[in-house]
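Labels run A, B, C, D and E following the written order; every chain starts at residue 1.
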């Protein structure tokens, strides 16, 4: 019943296009997470679905009804707002029960539901507090409880766990998933927490600049990002990108080369500018790469900063010429500078900073993107260099 | 100059003690992160330091001055508020420059600083927006910029990155760290993001129920948590806890035993109730445990749910009797139920759910806590079982 | 709180004395806005200089509120606070006495430069009624009447002509008006022979104007009085005088008015009078609302002050068709029970000038009052502002008759002036006045009971009198 | 530069200003509160409390109608006693309290007027505020239209209604009389006049209510309505559960001051019908004060009036304190 | 006829149907009905005033319904100024109004802040004490104040300054008497501003007072503007002190009521001039007030209250 369809939805403010021609097709009972950089239009998308903002164009369908012009109250939704927005004049009980009281539920039913919801968000015993007597996280939990007591067809949640600590967040995730199953509702969820997105969603929708970039199950997004943006956005720390040029023998970057059979790769010709992408966990110290079935040639590098994270260590590597230069921290963007490579390794390794090392990449997990358009070309170099097999037989075995 | 000392600070509201006898001694230029569950008193602590809340008792010293009774403006602090608190009637530029304008900085200086700050938070070109025309994350960035233009002696930041996406958050972290170095300021930082706490802080202060539990460098907190609370709180996913009883040969839990030389362990006698703690990444499939120098005996278990996270997989294991029971998701708390064990493994392993496996724990990373008091007793069983060395010579080698 | 000090007898003062100083003395005269500007500076003040006022004395007009209550409130405020300005106060004859009684005005009889002869001239030649409201209980003069005001019965000759009356009737009525009975017949007759909205319009709203004036006239013309013999008791002694509002002639006066309004079929009316000649609206009318229909030709008879003659008698309104006669009467003076009652009585209005006892220029102020007593000033006032001269004899001169509009009706006005009756003003009059207005207005209304109302009123007045 | 920068700046400004600011900032809440209240209390002390005390003193003296002194001898509370027992009614324009003629005794007239007019003003003012709170073209002009009556001076307000109900001038007397609503001379009839006064007052002062309530409406955080809408609240429910509780403090302030204002009604009465027809408590004060110079009585009535107002408004105070504490 | 009602019914029921489907329409319709109702009721008496102004004074009789001016006499609007210097009265009122409003807003802001945002012993009684000032009829103040302002009160041998006929004799009482209302309005509004914003301002370096004037006051703009407007108009309309604290001449700072009163004679009232004068005096003020209020509100809060 809770199928949500956005058809060419656009929302423009005076000088900003917050949502740009968005098409989403969310199945009944699906859990879809919207992710994207700050200001990309996630909240606006939720607001248009909720009916709080009228889209500039496009239609919205919920449960097979065109709701584009329906007021929020007739759309069968509940929402957790990013800015929390508790009623300052009501205590926690009244805030949570607001939607139920509106519908004249019997007192016992309200009590029952409020109690259950406040249990879920662990606010038992705080029902008579006023919002301004609570901590940030407590307020956010009230907001969640206010939404879940409603048991609607569609839940919209805008960063509902942003202010909760890790443990509570894990708990809430489980609870939300359980609720999702139990009520069989559709949930559209906004989060900036990758773990959340990865673990909870049936599909993740990645949005940038108001435009939908990819909508796919979490591991598909992680392993087969459709373009540079998605690749860089999903995964933390972010994927390493190295720009290079296609030569007959593979890809040449300023600092190192990666060889592969370019004939095996459709749409790639010599001289193309491609970007190589590899995730930190797919970069290995040469001596620890036994587990890697198909490594690249060793790449000489120098370790720079080490960030121990407890269960792993992030190693910033400087490759090529830059190995002499100190890490450039004036960088304007969050992307690693051209000649820097991030590697994630086991905390048991006894690597030090400013050490010369050799690293390899896991060919099976190297991605290639068109530098110009950003579109993904390949998500593996595995077959390309080793066994010139199948598909294109006119291949020129150059190596 | 920015030494911050809290001396026996207590803050009581009508029926809640938000901060309970807090003693903190923060060095000049130090970066200290406060973490703790929602509602534990982090924000209240910051507010008392800022002078927004008068502590019920105790004194606060900043830069060697007793500021307990000084107004906020004379404490040389800047603060990012958890609830953001932008001035709704001012545009971004005015919000950011508010503190500077108050101090009659020359126009050019203000412009320069605002520009720099807005660069750092990536809000260039938005200076004339009003707060209500911005997304949640954008607002939060304005709040950060408002604090950093001030370049004060002490920064207080209350979950300043909660509403930012992962990439921006990484960027902001770097920027804040750079700023921290550059300005040589003291930063007191509240976050619920473990990665943030781990990577940025010189020390982490863990608070629970208004009381300080431990304040130590990140890895110390991670590796040597002083009590059950800290152990469970730090690290995500959380440490596995198994309650057991000390026997002559080690610890016996309902599902498995871990042997060690109890004589090597001061303060432990047979019959004590201890809790064993082990982090998911220190649980290994027996066949993949080559790298573990000192494993425990194999523990039979059954895999339950698998959570692929991209760079690792969380495997929920059921041990002992419970191996037949389905995972109990009705659990009231976030802690794993007694007979469940979480393991984190490499994504390359081809493990399936409902498989029978054997796992081992890394002895060097097994923690023991007094079940009653929660205090840590040991952070390693390494020496205890293998080489009865040093310290206590009256040990009764029982095995 | 400052009061008047009798030490004002600054005997040596003469005009010359002021003159010798060679200094300009500027006096402030609180008065009506009508006097402002060119009226004063160009037309009136020069007359003063022509009549003996030293050029060193300049009089500035301080225009206050024209609404009499407001002016009284101002003076009460100023005099209680002992202000020395304004020097000369323009005062309603209706409330001068309380100020006198409270010693808040300068005693002119004791002023050095206000000789006995002047006082005698005021006492002998001015309208008696006016003078009586400017004197204290001891008979001393505290104010000099500037102009008097007497209501008259004004009528529209057109309607009476078509009812068969003619110029000769009009001429006769001008000085020798008619009885109320005749009046009601005349009005009724004219109403029957004309298509006109109202017969007789007057003022019977529950306000000061009813007790001081309209009803005072009805009652006095019936020979009734509020406090017995007006010659003895008009201005007191409060608490020690009879209260005679429940006498039959007073009740009859009310019944007569009830007849005018409700017709003789209603309760408590008089049979011999024609009824339904006055609209019920009179019960909420004050001067202006009652005048408008008359000026516009929608009424036959209208009782009002001389200002209304000026308006209704102007060319654009009734012009020469305006007739004026003294107020009708029920009893002749002979038939009337008390002296000063009966006949064409007219309620006294008008204004005096008095000197602020705290003034720093009392002498000069007296000089100004003296110059204002000159005939020329009085004529000029009449010509410029339409204010009647306070002396009957000036109303008969040719100069007065040449004044447009009003000049035509001087005879009627003189008769009215000679039959004028002041309101019984004492310090308790404001309280009494509102009780009277309430009871009379109530008694006029449809279900009113005159006898009962007057009995009640008597009790109320007794209470007031005894409490003072 | 960096860290010491602010310090330098702070110390550059020095002297008495900084000292004063520092001193003020260090005051406790209570001290600070009293410091900020000082100017108000000084002004009120001189311009309000001192005169009131002095007037209160006056109320303890007998009237002196005749002499040059404004007041008679000291009589203690006798004026109050005389007024409250009705002994002084004779000297008042109408009795202070006379249950037999509720429309002709000051206390009852005042209470009837107050209750009715405040009720209608609240309803109308709230309605106006709700209309003005909408976004529509020309809202500014509608706002002018609604404010206009409030800007009309009382004298003119009085004149408007006085003329409307004058038989030969206004046009309302005949139709209303034919409908049997009013008598043929409404302005000489206490009941009719009171109704006219209430209408006149509602006409003028609803705008006062509307302005205050409108300000309250404008201050409501709009995002709360979003929550309400998503939660399924109808317009009416949003009004009842969000708008109303949030503007309640403003509404109470408006009602509080209108009640006080209504209980002091005078000018309008004076200009439309006069105190003889519709006597209010203030009528008694003013007539005794201006007309007869009964200063003692007048002062005593003023204090009794104030006391009555105090009793009536305590209802609001209790309610207001409730909303203040968030209850 | 029958068909007409039929089609009327048809139209109505069509409307009703669509209204049921789209309750927004009903609200819209209700809104317009309400707006028209309020417009009519507030403007009708004002229209009556205009009719009176345009009718020559002598022709002000027997109006029918709807009233239309008898004759057309716009000169009244000129005579208003030639008869008395009405513009000076208006100017005086403006000055008095603005000065009073300024004083009231500043002082009431301080008090409003105290009562709205601070807790301290004595708060309740003090509020009641201040409120009690407005319980008294103006007459209760006048005698002592008049003595004070005419230099008749002396303290320690220094007598009070003579303020009669100066603006101060009115501004001071106005300020005191209109103060309680503004204090209550402002404390209500100031009390509703979230603590977080004041905190943020103080962290940024304002003093408590600085936070009041830079953040709390601007954010309460609708309340501040309302308090200001109410005070200004109250002054503009005040009668008692305006009347007794000046001798009434335009050059003695007499305000607009004096101007209007001067069209009243002993018996006559120039209704047409009074009406014209009040239109001249009121309309610009109402417009000014609305424009100013909008400017104040939007200027102080900028986009804050937009949807």
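Keep this in mind: a contact is a pair of C-beta atoms (placed from the backbone, for glycine too) under 8 Å apart; a residue touches a chain by one contact, two chains touch by 3 or more.
Quick caveat: nothing in here was measured; it's all calculated off a predicted structure.
Visitor: Across the interfaces A-D and C-D, which one involves more C-beta pairs in contact?
Guide: Of A-D and C-D, more C-beta pairs in contact link C-D.
Visitor: Which chain's mean C-alpha position is the greatest distance from subunit A's?
Guide: Max centre-to-centre separation from subunit A belongs to C.
Visitor: Could you grab the centroid distance between subunit C and subunit E? Build each centroid from C-alpha atoms only and quote it in angstrom.
Guide: 40
Visitor: Please report how many Å separate the Cα centroid of subunit B from that of subunit E, as a whole number.
Guide: One centre to the other, that is 58 Å.
Visitor: Could you give the separation in Å between the centres of subunit A and subunit B, each centre being the mean of its C-alpha atoms?
Guide: That gives a centre separation of 23 Å.
Visitor: On subunit D, where are the residues touching two or more other chains?
Guide: Where subunit D meets two or more other chains at a single residue, that happens at 25, 70, 168-169, 234, 290.
Visitor: Please output the residue numbers of subunit A that touch at least 2 other chains, ranges allowed.
Guide: Counting only residues that touch two or more other chains, subunit A contributes 71, 83.
Visitor: So which bits of subunit E are touching at least two other chains?
Guide: As it turns out, subunit E has residues touching two or more other chains at 60-62, 142-143, 194, 207-208, 261, 269, 306.
Visitor: Residues of subunit C touching subunit E in their complex?
Guide: It comes out as residues 30, 32-34, 62-68, 70, 73-74, 77, 80-83, 86, 286-288, 292-293, 295-296, 298, 304-305, 307-308, 311, 316-317.
Visitor: What does subunit C use to touch subunit D in their complex?
Guide: 1, 3-4, 69, 72-73, 76, 80, 98, 101-104, 197-198, 205-207, 238, 279-281, 283-285, 289, 292-293, 298, 427-428, 430-431, 434-435, 437-438, 441, 445, 460, 463-464, 467-468
Visitor: In the complex of these two chains, what residues of subunit D are touching subunit C?
Guide: Counting only subunit D, the residues touching subunit C are 65-70, 88, 90-94, 165-169, 184-189, 273-277, 287, 290-294.
Visitor: Sort out for me which residues of subunit E touch subunit B in the complex.
Guide: Those residues of subunit E that touch subunit B are 194, 196-197, 199-208, 210, 214-215, 218-219, 221, 300-304, 306.
Visitor: Which part of subunit D faces subunit A closely enough to touch in the complex?
Guide: 221, 223-224, 226-234, 237, 241-242, 245-246, 326
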